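The following pair of complexes shares a single chain, chain A, combined with chain B in the former and chain C in the latter.
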Partner chain A sequence: MLDNDIRTDKPVLTLKDLSIEFPTPKGVVQAVSALSLDIHKGRRVGFIGESGSGKTTTALSVMQMLAEPGRVSGGTIDLGGTDILGLSEEEMRRARLSRVAYIPQGAMNSLNPVMRVEPQMWDGIIAHEGHMDRAELKRRSDAALQSVGLPLHTGALYPHELSGGMKQRVCIAMGIILNPELIIADEPTSALDVVTQRQVMQTLKAIQSEIGSGLMLIGHDMGLMAQTVDELAVLKDGELVEHGTVQQILEAPKHPYTRDLISSVPLVGGESFLNPDARAEAPRRDSSEPLLRFENVRKNYGAVTALQPLSFTLQGDTPQIISIVGQSGSGKSTMGSIMLGFNPPSEGRVLFEGQDVAGMNAAQSLEFRKNVQAVFQDPYACFNPFYRVNHALKFPFRQFGLSKGEEHTQSAMEEACEAVGLDPDLVLTRYPHQLSGGQRQRLIVARALMLSPKLLIADEPVSMVDASLRASILSNIYDLKDKYGISILYITHDLATAYHVSDFVMVLFKGHVVEAGPPREVIGAPQHPYTQLLIDSIPWPDLQRSWGDGKTDWDPTALEAEAAKASAVYRGDVPGFDLALG
Partner chain B sequence: MSNYSTDDNTAEAVSPAPLTRAEKRQARRIRRFDNPWLNPKLMWGGGLLLAIIALGIIGRLIWDLDLVFTGSSTLKLPPVGFENLRGQPGVWANPLGTDGGGRDMLALIIIGAPNTLFVGLLASLIGMSIGIFLGFSAGFLGGRTDDVIRVGADVMITIPPLLILVVFQSAFGDVTLTMMALLIAGFVWQSPTRLIRAQVLSMKQSGYVQMAQLSGASTTHIMFREMLPNLVPYLFGSFIASVTTSIVTAVGLEVLGLGPQRIPTLGRTIYEAINAGALIQNLWWWWGIPTLLLAVMFIGLLLINLGLDEVSNPRLRKLS
Partner chain C sequence: MGRIPRDYLINRLITLVLTILIAATIIWIIPRLSPVDPAEIALGRMAAGAGSVANSEEILAQLRANMGIDQPLIVQYLKYISGALVFDFGLSTAAFPTPVSTLILNALPWTLGLMILSLLITFFIGNLLGALMVWERSPKLVKVAIPAAMVFTSIPPILSGLLLMWIFAAKLQWFPLTGAYSIFVEPGWNWAFVQSVISHGFLPALSIVVVTFGFWALGMRGLMIGVQGEDYVKLAEAKGLKPRYILYRYMIRNAILPQITAFALKIGLLIAGQVLVERIFAYNGMGKLLYDAILNQDFPVIQGVSYVIILITALSVFMVDLLYPFIDPRIRHETA
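Presenting the complex of A and B:
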């Protein structure tokens, strides 16, 4: 199945018929079954699959760090000639970090907040090689920091003084400090935005080829995998469904699940995953005032300005999707919460149908709530764990006086569930923890549909949902506009989806709108350096569109500094939406 | 403790292959894991407290409570099966012996033990109610209200309750049980207030509260229908902890000779025993029996608290 090019010596890691099970009250859960795989020296192997497919479990079993009550029920794990499962706790301790290093998912949580970075790196050396003098320790930690492209003074800082990307690079530096044979990176960039992600992944690639170890990269993003790894292992429900080189898998996927994974990545300029329907009538509006209007809205948090003065008018006579894209910290979520009235602006006014959102009385406020709904990022937190999920649908329906009795509520709920592709009998009477993230997010969309608001604010609605479900949830949201005539503000960091769903795109950078216009122009042919930077950072699941390997030729800090100087680019208008720049 | 469940046979009948000992134990643990309320700690703790309440109720029905008055029996009789220093053997008329005033020990604990528990429960019930009210107000309203409540609770927490209560009680002279519970309640509201405030603050940011706000829910709805049900495990835990604190405070005062003068309580019995030199005269049953009952009470409360922790926090529940 594999091409036989670089087959030098024994593989660094051999998994043979590995099975891992978790005994639970409901019976034994087979997390991984009969998985066989080799990782060779200097090769990068990606493990891709949805949450719950057993990728992390496999990685943890190699470290012998399976969470209780999980256990390896069969097969062998061979790390460069050592049988891992036969090692004692003390022998395993010595093998960790020195032979196999683990770079965890949330770097923010894996550094000790009360220690400077350097001593934390020294801890690893001392634990494996005993005490040595300070100058030697310093030399080695400096070398490690340098190799991940961090300035040497970083070592004397505390973790809270570093940015997310820097922390993740410190974690990589710690992982490679003892030159391990195998590096396991468990979604090392999942908490980072695209620009930082590209930087961190390039660092990881460069350092891995420098020390020549094997790399096991765990992730769910096909694009990131295509840019990073040599071989790809596709996992589904604990089984290895496909394994081959990236090229083989991207160009000729054999398993239907792999095909799903690849096609679920939206591409800029690629084929649309939406099937636009007949245009729906906008909901009949009693007011001639524009639906939503920002008048010089500005938001400060202390001395920091999260959102620079911004004015726009959304007419709302024809349903539209306005996308707001930007990195974390660009002010896009602040904008969302200002629109919802959760967060009063520091300056300026937000008008909904001519009414100032800040100065509404109780009745107006209820009417505003009814007409402006939201879909939030985290579908796991949106349901009260105490109630069955239908509480979240039933309650607002009654509260806004839409219900004409118990039966009407029930039929409305069922109808809404069916509209988003859920079986009402299966999901409505469950508790939230019994449903997957995708199901929950669809229920939230169903909730919005039931209330038929005039405006929906979707704040990163799919960023926490498994990749294969993203497209279908986005098309559910798109349907709200197309079939039910709801105007939508789509807040996201994902330019590819914004390209497909929206009628108008605003790119936010440090609270400023830097580029705005129709998506085909803004994202398809960006002009502002910041938009270009964002587009360049997207990991395309396409080997022709590579990031490149060098780590020196691409410096996001310099590019951002340049972007900050450039003036905003305005790329034309769409009817019904007016943006005033300035 | 882990072997009290006895359904080994059923486990064998269900599975076709005979199970090993370890597997059977595993199956039992899994069953227990499935229903968190079948927690052995919780059941033992609850059992101990119920036993004390049952002692109070059944005792009142079958024992002559007039024996609690001074001089109703012979002085300083030992429990049945023992002899005191004078060589008098215990008699069945006073199975747990009598104290230096000729009061029957059994009658004393039948009345005294539930009294002590009552003070603890009432004080923490009042304290918790104040705590829930203030904690919710501080966490939910924020701003100036929060500042006042938070600083107030923090200041109150630094004041040693016994010191103030000693002054209060000596000024009041004789107090009733309810009065004493009220006084103690003034010192057990601070930690529930802080706990609930912290929980409310974090819950206020949670997605489901935002969803409820979007649904046009009123503040009362959010507080009592969305937040409070999720606080129940914390409230239970905090309640049990404050019952313990209240009882310790109450017994502390009673042992100092403060608190109700005419009503028998466990603490007062210990105070009288110490005062009458029971230790020197080797009248161990006089102070020993109430101490033992207090110990049982505290162990019961502790077990309930540990059990509730496991119920509300599944991570503490272990399969192996």
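Presenting the complex of A and C:
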């Protein structure tokens, strides 16, 4: 299947008929079945699949760090000639980091919060090579930090003083400090925005080719894989369904599941994942007052301005989806919390149907809370774990006085569940932990829908669910506009989805709107340098497209200077939405 | 280590002063809500001693003047507050005319010694055992033995005290029955006295340790379970660090942070909690002083003891607050 000439080296990792199972009281769960695969020196192999497909489990078995009660039930794991499964606990400890390094998914919490960065790199060296001169330790940690493009003073900082991208680079620096034969990177960029993702990924690629180790990259983003790896292994339900070079897989996927994975990546300009024929004419609302109005709204946190003065008017008569896009720290979530009235603006006014959100009396405030609903990023944190999910749905419905009795509540719940594609009999009586992230996020949408709001604020609603589910959840949200006439503010860093769902896009950079207009113009043909950077940073599942290979540092200060120089670009308006720039 | 931010320091200082002032005021108000007249109690005590007392009205007035309770409330309050700042709480009504501060000064070292010692021992043992209950590599025996030992936590200290006293002092006669030191030694810095203090303090300290270590162990167990699931502990393992090093530097080091705050709060609670232990062992510390004062309706002593308890608690919380930026670097960041 693969070219033979790249197989001259002995592989650094050979998995042969690897099977992993989790014995549970309800029976044995087969997490990985008979997986065979080689990773060669200097090669990057992507493991792609949905959550639960066994990709992380496979990686952890190579580290001998399977979570209880998981165990390897068959097959062999050979790391450069060493039978991993035959190693004692102490021998395995010695192999970690020095021969196989692990770069974790949650870089946010992967560093010990009470230790500075340097000692956390040193203790790795000491654990394998014994105590040594402090100057020698310092020299080696400096070299590692330098190789991932971090300034040397980073070593003396505590983890909370670093940004997400910096933390992830520290984790990469730690991983390569002992020149391992194999690096396992478990979704190393899933918590980062596109711009930072590209920096971190290019850093990882550069350093991996430099030390010539094998790389096992775990992920679910086909675009990221296409731009990063040489070979792809597609996993589904613990089975390797397809394996080949990235070119073979992208150009001629054999397995239907692989085809699904490739087609689930939303593309700018590509075919929409929403079904345009099924769109009904959006119901119109009669209203003289604009639905939402920002009057010179500005937000400061201390000396930092999170949102520069901004004015816009969103009419209520035609429902619209307005997307607000930008990197983390651009001020987009601040904007969302101002609209929800959780965060009063430092200057200016926010009007909802002509009422100042800051000056509402109790009755108006109750009405406002019913009319403006929110869907947040983390579907795991949005439910009270002590109650069944139907409580989360019933409670606001009753609280706002919408219920006409138990039967009415029940039918409203069922209707809302069906509207978001959930089977009410299956989900309503469950506890949150029994549901998947995608199901929970749909329930949050259903809960909002039950209150028939006029405005929905969706803050990164799909960034924490599997790529294959994103499209269907977004089309649920899209339906709210089409079928129920709800206007939506969609806050995201994902430009491709914003391109498809929105009527109007605002690009936010350091609290400034730098480009705004219909998505076809703003995202399809960006003019502002910052918007261009965002678009260029998206990893496309297209091998012809350059993802800035070889370049590992994008100087943020130079970028800021350039972006500040360039004036905001206004790319045309849509009926029912007026934006005043300046 | 960096220095403490000024705003943070000022903030904590204001909290400290306010806590003490408010607490001192409440302590002063509570006895004044009671219908009991301390002058009448003192008179009653005199009458009980002498059989009968002539011209009792005059004596009552005299007593009230001595105690300062014939003056308007506001004057009494201001006098009390200004006195409290220099540890002058007036004269004891039960041990009249001994100053309250003398009584407290005599009792305080005994209690502080006994309490801090037993608290430090419990804190150390409890947290270590709590951590070992969670640690994957603890011997099986440890995981069975510790929860079993938790049974002691449900025993009230009065019972554990009596039990220990009966076994080790009455039956085995390894330790003296009661008192803080033997009446046959001369108090001072000599070996015989120190030895006597240690052997007298051992059982009261043990009876406190036995019933309180479970509090720390259970708290630590919960905190360790949280820390065990943290990504940084997983990455530490993936880095091939030695298991013991991970336990100390990555797990306990992080899990102990809330326990240190609890430690400061416990100091004040312990003096109050020690009342019964000191009573059983006839240990002449603050607990016993407070116990006797309550029985005798000795308001100045109750006020004085309560004030000192609050002062010690507030000061220990303050000190932990000052210490905290050094043990948790994130605090420095948030307030800077």
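The rule is simple: the second predicted complex is superposed on the first by the 558 of 582 C-alpha atoms of A that agree within 3 Å, B and C clash if a C-alpha of one lies under 4 Å from a C-alpha of the other, contacts with A are read in each partner's own complex, and residues count from 1 in each chain.
By our rule, contacts are C-beta pairs under 8 Å (C-beta built on N, C-alpha and C of every residue); 3 or more make two chains touch, one makes a residue touch a chain.
Everything quoted here is computed from the prediction, not taken from an experiment.
Look at A:530: by the touch rule set out above, it reaches neither chain B nor chain C. Of the two partner chains, neither chain B nor chain C is touched by A:509. In the superposition on chain A, contact of A:382 is made with chain B only, not with chain C.
Within the superposed three-chain model, A:312 lies out of touch with both chain B and chain C [touch as defined at top]. After overlaying the two complexes on the shared chain, residue contacts for A:369 are found with chain B alone; chain C is out of touch. In the superposed model, A:111 makes contact with chain C only, not with chain B. Once the two complexes are laid over each other on the shared chain, residue contacts for A:499 go to neither chain B nor chain C. Taken together, the chain A residues at the contact with chain C in this complex read 63, 65, 93-98, 101-102, 104-106, 108-115, 123-124, 127-128, 158, 160-161, 171, 174. Taken together, the chain A residues at the contact with chain B in this complex read 23-25, 68-69, 340, 342, 365-366, 369-370, 373-374, 376, 378, 380-387, 392, 395-396, 399-400, 444.
Chain B contributes residues 26, 30-31, 33-34, 206-208, 210-217, 226, 229-230, 318-320 to its touches with chain A in the complex. On the chain C side of its complex with chain A, the touching residues are 230-232, 234-243, 245, 249-250, 253-254, 257, 327-330, 333.
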